[in-house]
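Next come two complexes, and both contain chain A; in the first it sits with chain B, in the second with chain C.
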Partner chain A sequence: MSTPSDNAFDVQLRSEIDRSLRHPVMFFFTSGAAWLAVAILLGIISSAKVHAPGFLDSCPWMTYGRVSAAHQTALVYGWGCQAAFGMIIWLMSRLSRQTCRNVGTILMAGHVWNFALSLGVIGILAGGGTGMPWMEMPSFAWIPLLLAYVAITIWSMVQFKVRPEGHTYISQWYLMAALIWFPWFFGSAHLLVHGFSGSPLGAAGVNAWFHSAMLLLFFAPVGIGMAYYLVPKVMGRPVYNYALSLIGFWSLAIIVPWAGMQKLTGAPVPNFLPYLGAFAAILFAVPAAVAGINLLKTAAADMETVNHSPTLRFTVWGLVFLLAFGFASLVLNSPGITQVTQFTIAGYGFDILGVYGFFSFIAFGAIYFIVPRITRREWLSRRLIKWHFFVSIYAVMAIVVVTLFGALMQGIAQEGTYDGLWYNAASTVFPYAVLTTIAWCFLLISNFFFFIHLTLMWLRLGRRSSHPTLLVHHEPESPHGPEGDIDNTGTASAH
Partner chain B sequence: MQDPNKPDLDETLNVTESHDRMLREAAAVSREKHVDEGGREPVSLWIFASCGLILIFAGLALGNIGSLGSLFDYDQTVKPGYVRLDLSEDGAKGPPPAEALAVYMKKGQKMYSSKCQGCHGGDGKGGAAAPSLVGSEWALGDTQRFAMIILNGLAGPTSTGQTFAGGMPTQKVGMAPVDLAGVMTYVRNSFGNETGDVITEEMAEHAFKLAEERSDPNAQSTKEELESKYLAPLEGEPMDPSTKIDPVTLEPVEDAAG
Partner chain C sequence: MSFRLFAIGLTASFGLAWLSVVVVPFFKLRTPSPISFQEGFDEQEGIYHPKRAGRVANGAAVYAENGCYQCHTQVIRPTYAGMDLARPDVGGLSPAVNPDGIDSRRESNVFDYSGLDFAMIGTTRTGPDLMNLVPRLKARVRQQAKDDGEEISEGVVAGRVRDYLFQHLYNPRSFARLENWSSCPSMPFLFEEREIKGQPSDDALDVTVEAGHEVVPGDRAEALVSYLLSLEHDDPVPATMDYAPAAPADDSQG
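Right after this comes the complex of A and B.
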């Protein structure tokens, strides 16, 4: 074990790393949270239009096709990617034990990302969308986004390269994989679609693959990598089984790049592509299950810690959603069921389960862990955290259950009782659309709590205390009452 | 005197206090635990079992179309009877011949779903905007009368005496004789109707001629006009519904090999 002086040096190094990263990481988290708010507002509008077509119908900028596309773009690139950037640069610095020396470049690139994304979303709302899910932004946006990505994350790769010799953490495998995969699929997909005037069918195929890669080759490894850090870190326990993590990582790396083309089942593409896509998408359940079970087994040993720590609560639920995500991938892509759900709202439900259920919950967990360290303030209120947690979890579950079940009903209506009038089949979605809108409204409320809290932390208005904000009614260690001790200079500041 | 090699320490600095402050500033960091990923707990069997189940499932999905060899086989996913156009110049054989009734029905079904289904419904039973075609006297009776309704539309009462607001608009625009032939054949042999006859392209051409010869070709037909002038079948050589014809040219095919 390390000597006390080693430990003091280590604490100092870690706190210097945190210090060096506070501006870029806070920038990504706060602007990500702001985009999340935008995404949710657009989500409410687009969902409301499904059951109330007259809503805002006089404004061409607010037509369903545009709002829905802008909603998903804001969610994926505004919130998802930026939360991922914050997590990647922080975690990679920590695990490679390097302070960040390129804060200015990263911040600049972060602004470029936000600027290009804003123009892209405005372009979508103005009617310039490409019509390809998750690649909706007009063709001008992808090059600045890719360049900004490189300028943000290349330093993490450099840090990994110059890390002290020795152990490479599981989280680092996942992060490095995501760092390499993102420019690969983002660049090649956009180049193939925008750079060459190929057949529209080819573009649809590339788009289907890109969509799946974004979910399974970027959000999945970043989320899983972050969870592999947070769970053992906060628990102070070793991960259940190291060999399982190896299996999980390599199965993800080998299988998942093949997924995506199952979207084109029945389209005139070479026959083996949809089958191979479905095969790989079903097999995604293996890395999802292995990572999820490995970490949940670790967490299950001490449920009290899980309950008390905001970080762990979110992360553990993110992992539960990961299991559900893998299971949904298995079910939705089995040929018999694809036939029913292919042209329904199931795809949207699956995306939300991945981006909001699994990835965002782990991102929230990470934010609750990282922000106190880089701002050197503790979270202000456990009530805000609790409200954020409970409202989000019920709302996300509602969206996922309602869309997936609704999709099944819609698919059955389309296939079975189809009486020649598409209207009848489509209108089976009505009740589910209403429920989805309500759930998005609740998500808006939950994010109101989160956003306020994060903004206060960003303004350095957090609690100055040596006691963490835990989700318990009273903190037995604190001699100064439930909110910890305000500005106490010493003795209680235990390790 | 101060030693120039030593840091510039203020003697009044309370080391304990500043240490405490540093600890408090970095409190979150200093209370962290170390990450240990090297767990060696025995993996429960059910984890491997469930992964195995997933593998079996994925294998079934892959093998759903028979064997691995058929992954590259178009015949497995293409509908039976679907024929790809031969685009090579010398091999331009066209699609194989089929029974006349089936060919006309197919053309008519397309026409019906684009022009008629909106009011008469996918099942032909009509609704608030249009009467039912099932067992309709005018649809199944004299073909001249039926053709005139489609081509000119209808004002006023229908065969059952019922009146629909606005009547039926003309469907002539953009319709070729072959389309009329198809849709008439389709209506007369669908939704439970079974006249069993084929309205040929030749008959449909006669219908177009009749429609042009009307005193006002643009007016909608009325019950009175229909029952006075058009109580006759369309002229043209009747065709046996089982005759093999070419689906493109609609000419009977001599060679019965297909």
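Right after this comes the complex of A and C.
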């Protein structure tokens, strides 16, 4: 094992890395949480309009199609991407053992990202949307977003390149892959649809592929990569099976780039596109299950630790959602089911399961882990964390179950009524829309707890204590390492 | 595994998929080759020219901006992918709703989207599919006239369809048929309310407003309705691309 002087050096290095990253990481987490609040508000409005079309009726900015697009844009690019940036730059620095030397550039690029995104969302609400799902921001927005992305993440690639010789962690593989894939698919998809006109079906295909890539080639690797760090770290145990993690990574890299075009099933595009897309989307269950099971097996060794640590509670549930996400991808894209659910709210339910269920839960887990380390303050209140956890988990499960089950009912009504009465199919969806609205309202409450807590932490109003905030009344031995050390000097094996 | 090997593996696995499902199909779909009717199979000869009408491009932009695609699809799926063709008035008109005509139902083809930059296939059918909106509305207007014992020309039918679309955009729930359940947003902001100067406008909507005022479609409403009026994709296509042709109504062609 390591000698005491090695350990002291490690502690110092880690705290230097954390200190160097305090402002950029906190900037991405807090502005992400603020965007999440915006996204949830817009989600409530758009969902309410499905069952109460008279709500905010006369205002053009609040018409359903625009609000719904703005809701998804804010959720994906405001919250999802920014939470991912915070996780990527922190984790890559830690694992590559490099302090961040480009704080100014990253912060400036972060402001550019937020500024371009704000203009984009305002553009959608003002009536400048492009009409392409998840690419709805007016065409001026994508170039500044891409440049900001490069300026934020290029340093993580540099850090990886100059890291000290030695072991490469599986988390680094996932992060590097996401870092390479994102600019590639984001840039090329936008360039094709905005730069080359006259291919309507080709553009629709590129858009469908982009949507899938955003979920499965960006959120999935960042979320899985983060979980591969958090679970073993907080548990103080090695990953259950290292070989499985390699299989999980390469199956993701090889299978998932082909997915996406299954959204065009039945449209007049070459038949191999939707078939390949569906095949790849079904096979996405493999990397999802491999990563999910591997990490849940690691966590299952000590359920008490999982229960006491806010980080692990969120992360483990994120992994359960990952399994559900993979399974939903398998089921929804299977022959026979696609034709029923293709044009129903299942698409929305699947997106929410991926972005809010799987990815956001791991992001919350990561935030509860990272923030005390970079602010050198502990979380103020275990009650706020508990409320955030319980309200989120029930509300997200409600949205997912309601939309997927509602989609099945809606699809059966669409496919089954030949009498020409669209009423039968259209009205099926109303009760599920009511439940979805209620669930979004609960998510707004849970995010309120989270946002307040996070802001207080950034203002350095956290507890000046070296005891981690655990979700128990009497504090047992810390799962974050030896008692009193939030820097996590050692793992369970070291003491 | 070295970083070099990792980077090569990643680039190859992603790049292959990217080229073969994204880039090449995108450019291939830009120029679909023309398809001819064939003697013996089709009732007509020559090259298939899809029907086109209206201010398609800027009307489609209004459709996109207001998020109509969030609830309406524009695709008729072949029978293997869905039951769209089983409905009487979605993929065209069946004899059930158009007793005097032929069965015009067919699946969508690549030419149905020509002239657009983006095919708004859509994601959800909270509202009905719009690929054959116009034939459906025309059949309904004709049926209504027949029920009222009224003889109307095709010109009058087209005019009534246009009026219906404006009224629907202004407030979908102003129709008794949709009043209680349609969740389609009303879009009064596409219209302008103005003082009547001289004769009331022919385009004025049948809605109650302040005395001496009228509601007329704005530019964007005009563009959108013009686009919606182009949603008529039930013309006969060459049998070579009608993969699930409807059974012939009678044997007289044989």
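As a convention for this text, the second predicted complex is superposed on the first by the 474 of 495 C-alpha atoms of A that agree within 3 Å, B and C clash if a C-alpha of one lies under 4 Å from a C-alpha of the other, contacts with A are read in each partner's own complex, and residues count from 1 in each chain.
Basically, a contact is a pair of C-beta atoms (placed from the backbone, for glycine too) under 8 Å apart; a residue touches a chain by one contact, two chains touch by 3 or more.
Bear in mind the structure is a predicted one, so any value in this text is a computation, not a measurement.
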Room on chain A for both chain B and chain C (clash or fit): clash
Touched partner set for A:240, first chain B, second chain C, both or neither: first
Partner chain(s) touched by A:181 [first = chain B, second = chain C, both, neither]: second
Partner chain(s) touched by A:300 [first = chain B, second = chain C, both, neither]: neither
Partner chain(s) touched by A:266 [first = chain B, second = chain C, both, neither]: both
Touching partner for A:472 - first (chain B), second (chain C), both, neither: neither
Which of chain B and chain C A:461 touches, first, second, both or neither: neither
Winner by number of chain A residues touched, once chain B and chain C are compared: C
Which superposed partner A:131 touches (first chain B, second chain C, both, neither): second
Touched partner set for A:209, first chain B, second chain C, both or neither: second
First, second, both or neither for A:11, with chain B first and chain C second: first
Chain B and chain C contact sites that coincide on chain A, given as residue numbers: 266, 270, 276, 420
Complex interface listing, chain A residues touching chain C: 49-51, 53, 57-60, 63-66, 68-69, 127-133, 160-161, 168, 173, 176-177, 180-181, 184-185, 188-189, 192-193, 196-207, 209, 217, 250, 253-254, 257-258, 260-261, 263-270, 273, 276-277, 338-339, 342-345, 347-348, 410, 414-418, 420, 422-423, 425-427, 429-430
Contact footprint of chain B on chain A as seen in their complex: 11-12, 14-15, 18, 169-170, 228-229, 232-245, 266, 270-272, 275-276, 278-280, 282-283, 285-286, 289-290, 293, 297-298, 330, 333-335, 372-373, 376, 378, 419-421, 464-468, 488-490, 493-495
Chain C residues within the chain A interface of the complex: 1, 3, 6-7, 9-11, 13-14, 16-18, 21-23, 25-30, 60-61, 63-71, 73, 75-78, 80-84, 86-89, 96-97, 107-110, 112-114, 116-128, 172-173, 181-189
For the chain B and chain A complex, residues of the former touching the latter: 16-17, 20-21, 23-43, 47, 50-51, 54-55, 57-62, 64-65, 71-74, 76-77, 113, 117, 121-123
